[in-house]
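Quick one: this structure, given as structure tokens, is what I'll be asking you about.
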Amino acid sequence: LTCCSAQSFRELCDRTKNTNVRLSLPAVCIVWQTAMIILFGVFIRYNEESDTHWVEYRKENNLSDIQNDFYFRYPSFQDVHVMIFVGFGFLMTFLQRYSFGAVGFNFLIAAFGLQWALLMQGWFHSLDYTDGKIKIGVENLINADFCVAGCLIAYGAVLGKVSPVQLLVLTLFGITLFAVEEYIILDLIHAKDAGGSMVIHTFGGYYGLSISWMLYRPNLDQSNRLQSSVYHSDVFAMIGTLFLWMFWPSFNSAITDHGDGQHRAAINTYLALASTVLTTVAVSSLFQKHGKLDMVHIQNSTLAGGVAVGTAAEFMLMPYGSLIVGFCCGIISTLGYIFLTPFMEKYLKIQDTCGIHNLHAMPGVIGGIVGAITAAAATESVYGAEGLRNTFDFEGEFADRSTSKQGGHQAAGLCVAICFGVGGGILVGFILRLPIWGDPADDNCFNDEPYWEHQRIPENVKPTTEECQNQQPSLSLHGQTTKMIALSQSM
Amino acid sequence: LTCCSAQSFRELCDRTKNTNVRLSLPAVCIVWQTAMIILFGVFIRYNEESDTHWVEYRKENNLSDIQNDFYFRYPSFQDVHVMIFVGFGFLMTFLQRYSFGAVGFNFLIAAFGLQWALLMQGWFHSLDYTDGKIKIGVENLINADFCVAGCLIAYGAVLGKVSPVQLLVLTLFGITLFAVEEYIILDLIHAKDAGGSMVIHTFGGYYGLSISWMLYRPNLDQSNRLQSSVYHSDVFAMIGTLFLWMFWPSFNSAITDHGDGQHRAAINTYLALASTVLTTVAVSSLFQKHGKLDMVHIQNSTLAGGVAVGTAAEFMLMPYGSLIVGFCCGIISTLGYIFLTPFMEKYLKIQDTCGIHNLHAMPGVIGGIVGAITAAAATESVYGAEGLRNTFDFEGEFADRSTSKQGGHQAAGLCVAICFGVGGGILVGFILRLPIWGDPADDNCFNDEPYWEHQRIPENVKPTTEECQNQQPSLSLHGQTTKMIALSQSM
Amino acid sequence: LTCCSAQSFRELCDRTKNTNVRLSLPAVCIVWQTAMIILFGVFIRYNEESDTHWVEYRKENNLSDIQNDFYFRYPSFQDVHVMIFVGFGFLMTFLQRYSFGAVGFNFLIAAFGLQWALLMQGWFHSLDYTDGKIKIGVENLINADFCVAGCLIAYGAVLGKVSPVQLLVLTLFGITLFAVEEYIILDLIHAKDAGGSMVIHTFGGYYGLSISWMLYRPNLDQSNRLQSSVYHSDVFAMIGTLFLWMFWPSFNSAITDHGDGQHRAAINTYLALASTVLTTVAVSSLFQKHGKLDMVHIQNSTLAGGVAVGTAAEFMLMPYGSLIVGFCCGIISTLGYIFLTPFMEKYLKIQDTCGIHNLHAMPGVIGGIVGAITAAAATESVYGAEGLRNTFDFEGEFADRSTSKQGGHQAAGLCVAICFGVGGGILVGFILRLPIWGDPADDNCFNDEPYWEHQRIPENVKPTTEECQNQQPSLSLHGQTTKMIALSQSM
């Protein structure tokens, strides 16, 4: 059913491709932001730790100011914040002509998404039933950033092929689906997922891949001259890679338990990521002519270990366990880039610009499985009675849950994440096929010029002294000029 | 009076434009740095929290090591530090040929400014009258960075038009004026300004604009081919934008009260900035042909919300209040870039390279007004008796000040900031017009080549194997083409 | 002896230069990573602060969660982590055609090195003799990053002249030597070295220089057209410089005593670095034609103050003392770049690509001397009885050591660092001369193309609409070609 309707839609779309978003983009931004203000006015307030009444709360509970949750989590929050805006943003600048679109649209949808996430997650997790208000603190900000991450992952799959309006719609639905899925997995199923291997990466990955499948472009090869990187755009992308890689321990430990929980999650992630780098380099070199390394692998697969250790990071995974997880993910993710991505594009009609299937979807699933196994294998002898209870929150209605049962629930959580990702992606992809969103034609993809003013060189160009010294002689010939223009333009 | 004398100066200047700073720059650096060493030797010592006697102090006051102010403020300090050096530095790299000047001179004046700021602010705020020494800790470092920010803002207005020596002079006077103005506003008037909307941004903005007005260059269009960006220089600038945007919550919360004060300031700033992004995008798209986004707006106006929420960030502004502030500032700032900046250049003879009027001056004034209103509207029912006292420091001589009175004093503080900015800028601009500073001629602005060694491509340029493969045909043409290809390739 | 054998080796090498690492690189990565997993499995466990038993430990010792070492050190750890991967990585991207190699290989060897460092340092410092396990926490992660820094410094000397396999060998031995040297200096000699002036910078510097001397390439001038930077590669390098500069206070304070120790170390480093910037600019301008600044100096010498204050940062160096140290190092380091580096290359056969002798080796030695003097000059009147004991750890077997004696031991530590650096470097250089490592020929240095896939511009290059608008006319007439050159130049 979806397919044939998709077919009919395609014809509808291809008739007219107008990338002018002069009305739709401002309208969506203003209306949605206004809605945010109203909803925040109705629902959102400070919690007891960010409210001026903290001073009384502190005394009642005999706490010091330093025990305000702010000091436990703010440094991690800022690291996560950097990952969301610089990490994801710059990771996607590798395309020679889509850096504005990568950083700029990432900036836009993240800024909208975190507001909507505060509301959606607030209703599910932070609603104060005494006054019907959502009480927020630093932990809510972190969770909002996490929620946004799911949508940014999805953006990676459709990078260069969609309009900013489509991205905002993708984000609106993505955040909504995320909050529901997260509530089911963490609260109803009571699965643990500190680093979001399932909740964030598996969901986000399959959400993006399904959308990309729905938006399949048969003639995308028309713009494939722009689907490559240039030397310096790959260096820009490394900025994103490194900030994601370095701060991933903060990502996986940001909302874990105070004390040993955060401490252990950071160590496990640090180790898993280190191990991933070596296996990524190994596989990348092994499958290239002359053993040359491919920047695509170094930029992406080196991060797979952080994804895959997300769920189990706060468990007693043990340092060597983290290394093993990273070891495997580096290999699997790089092989994915070499074999799976081309296969998916050719046979499954899934065009995955950034290869999120190799960086998020697959490692996310591995992370969910690792989490289930680690949870099922947890014993009181290793964790200690109290440690076990704290780590898995075996309290209240879950007080008498066994670790093996917990393992099963972890696996169930993984399935929920996949279902929401695929189902939600197909639904949203269906909506995004409507011919009203201003997405570019097939021969104009991977070029952000339709959505961004590009500086023109003014007419009265005079070379500087330095330029003259270098170039004077060359003024006498043409011929190769177009190639040079293409080259210099492509910078 | 100023104008006609300015006229006479102009003729004086234009006669000779010598950008050779080989004597003046080293002389100023060495002499001023030596002066810093002497003054630090006479005045500056560690405070009780950074001195080895802390161990005794800690026991006397029954504190734990973690309650050392270092742990309350150091993470925020490092974020602010990044904003000063990477944020401001890279934000100004957007010009196609002034990236060295932007990052390098920003680096230089910030490094000098923070030392001078430690002294100036120390004399006013941290002087220990028992021994006449300034006792410094992490909070002094943060305030020094804040103080420097005012001068870096001013640099934005004159970017590409001044010499490093002029920038050092601008900084010396700027820091001095800042310290005095800050003392009047915070201590005498007892206005609150956690994020420095008034003290930093309003002052810095008008200080820079007045200097730019005094240094008006009628023939600047001669170098306007370099006053534009190129694709990758805009991407570099986004590094600055994003680090400013991400760490602004740390900026506004760095020196607020321990506990809820820092917590609330961070939340308010986080929200205001998110809201600004959407309205900036909306207005930018609405006023461009085909609704294309302008990088200038995305790079700058998205930050206006952080400026405007600075003063009120630690008050009970409420989450929706922060969103509203950000909403308005995104619109106003972007409109400023579209309409005000060209108007000011054409009719007011104010050439504002980075548009600091739209990013700092206007939002700063808005922030001051928002702060005054929020303070005047503060009630004990919302803040709680003790919370109100803590938030506004109604202690000692100010114990019985009413919130409405506080609102008036906030407004008074804003006026002081504007006066110091305009007055100081005119004074310093007058000094900077002296024909001794080595500033560039009108046709040589926005090009850092007069002050920075630029790498030349050596004569014996041979294309690499790779270049050959790509460029085979071109090798058949005259020797010089290969050089051009090598050039473009080398990008 | 070494020399003549080196001679024989050289002939051996130059016969065949095969840069194909398709077998050696993957083999080394997989085998070594597997070894890490096994060794971690046998030896490495969580310490009591990152283990789930923390909850019991905490109660026994009547601690709050916030007193977990994680909250004392994690923010500094993340700053150090950024310095290692972004700081060192991007600092080396200045070469026009070696950015992939700089960031990518830095990433690879750091990721391997930190694992090996956790083991080596663990055996010496964190071995729990009750069960023969190494117990790790956040402080171990910081020390592992420190350990890696030594090898990254060495990489700076051979940048562009070695293969990734050689770098991994350099790292394996470098980490091993580091751990032994560190144990001798810190534990046996009981010298203090918080910021690692001796342990990290002096050792790493001389280690790299000796290797570079062993790997001397007489015909390196054949590839010197690529040994220069281009405009935007220097801007990339400034990212590295600034993150190193900004976070150096965290580097020097990361493992100092809780409370005043970390607080004071951060202040001293902050001041030393600020002072260095001004003297670097002064000397750079003074020795250039027309007083132009040289990016090489700004990128490197501005950091020398952080190196030189490393050892004494936690002592009562006094703010003015820090400024003096920075003042001298800025001058010495910049003069080193102007006079020493060319001299060393010409007469000592030491080719130092990044000038680590000026940035690490010399300032490191200065730092060791400053540390010795400051320690010898320490008095109870300044430090306080308990403060003195804490600062120098005069406990246990060292309880009755005098400060003058400590000064002597500091000097002894410096000598050990130099010996290990030079000796180890010669040994490892000898190994790296073997003709099996896939290093490039003399005419192919400073070009990462032998080890990295470079994107090719597809054959069907057609200028985009925008390009047409800008450039169409230029295809016909000469005058316009300058426009293209202006374009490529402007990159």
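To keep things simple, chains are lettered A, B and C as they appear, and every chain counts its residues starting from 1.
What we mean here is this: contacts are C-beta pairs under 8 Å (C-beta built on N, C-alpha and C of every residue); 3 or more make two chains touch, one makes a residue touch a chain.
Just so you know, these numbers come straight off a predicted model, no measurement behind them.
Taken chain by chain, the contacts link every pair, so each chain touches all the others. After Cα superposition, the angle needed to carry subunit B onto subunit C is 120 degrees, rounded to a multiple of 5. Shared numbers divided by all numbers used gives the overlap of an interface; between subunit A and subunit B this overlap falls below half, so the copies present different residues. Between subunit A and subunit B, the centres computed from C-alpha atoms are 31 Å apart. Residue positions 64, 66, 71, 75, 232, 239, 454, 456-457, 485-491 of subunit C each touch two or more of the other chains. Against subunit A, the residues of subunit B that register as touching in their complex are 64, 66-67, 71-72, 75-76, 79, 96-97, 224-225, 228-232, 234-235, 238-239, 242-243, 245-247, 249-250, 258-260, 262-264, 266-267, 270-271, 273-275, 277-279, 281-283, 285-286, 288, 290-295, 298, 302, 316, 318-320, 323-324, 327, 382-384, 386-388, 390-391, 447, 449, 454, 456-457, 471, 473-474, 477-478, 480-481, 483-485, 487-489, 491. Residues of subunit A touching subunit B in their complex: 19-23, 25-27, 29-30, 32-34, 36-38, 40-41, 44-46, 49-56, 58, 64-66, 68-71, 74-75, 78, 81-82, 85-86, 89-90, 93, 97, 99-100, 103-104, 107-108, 111-112, 114-115, 136-138, 141, 164, 230-232, 236, 239, 450-458, 460-462, 464-466, 469-471, 473-474, 476-477, 479-480, 483-484, 487-488, 491.
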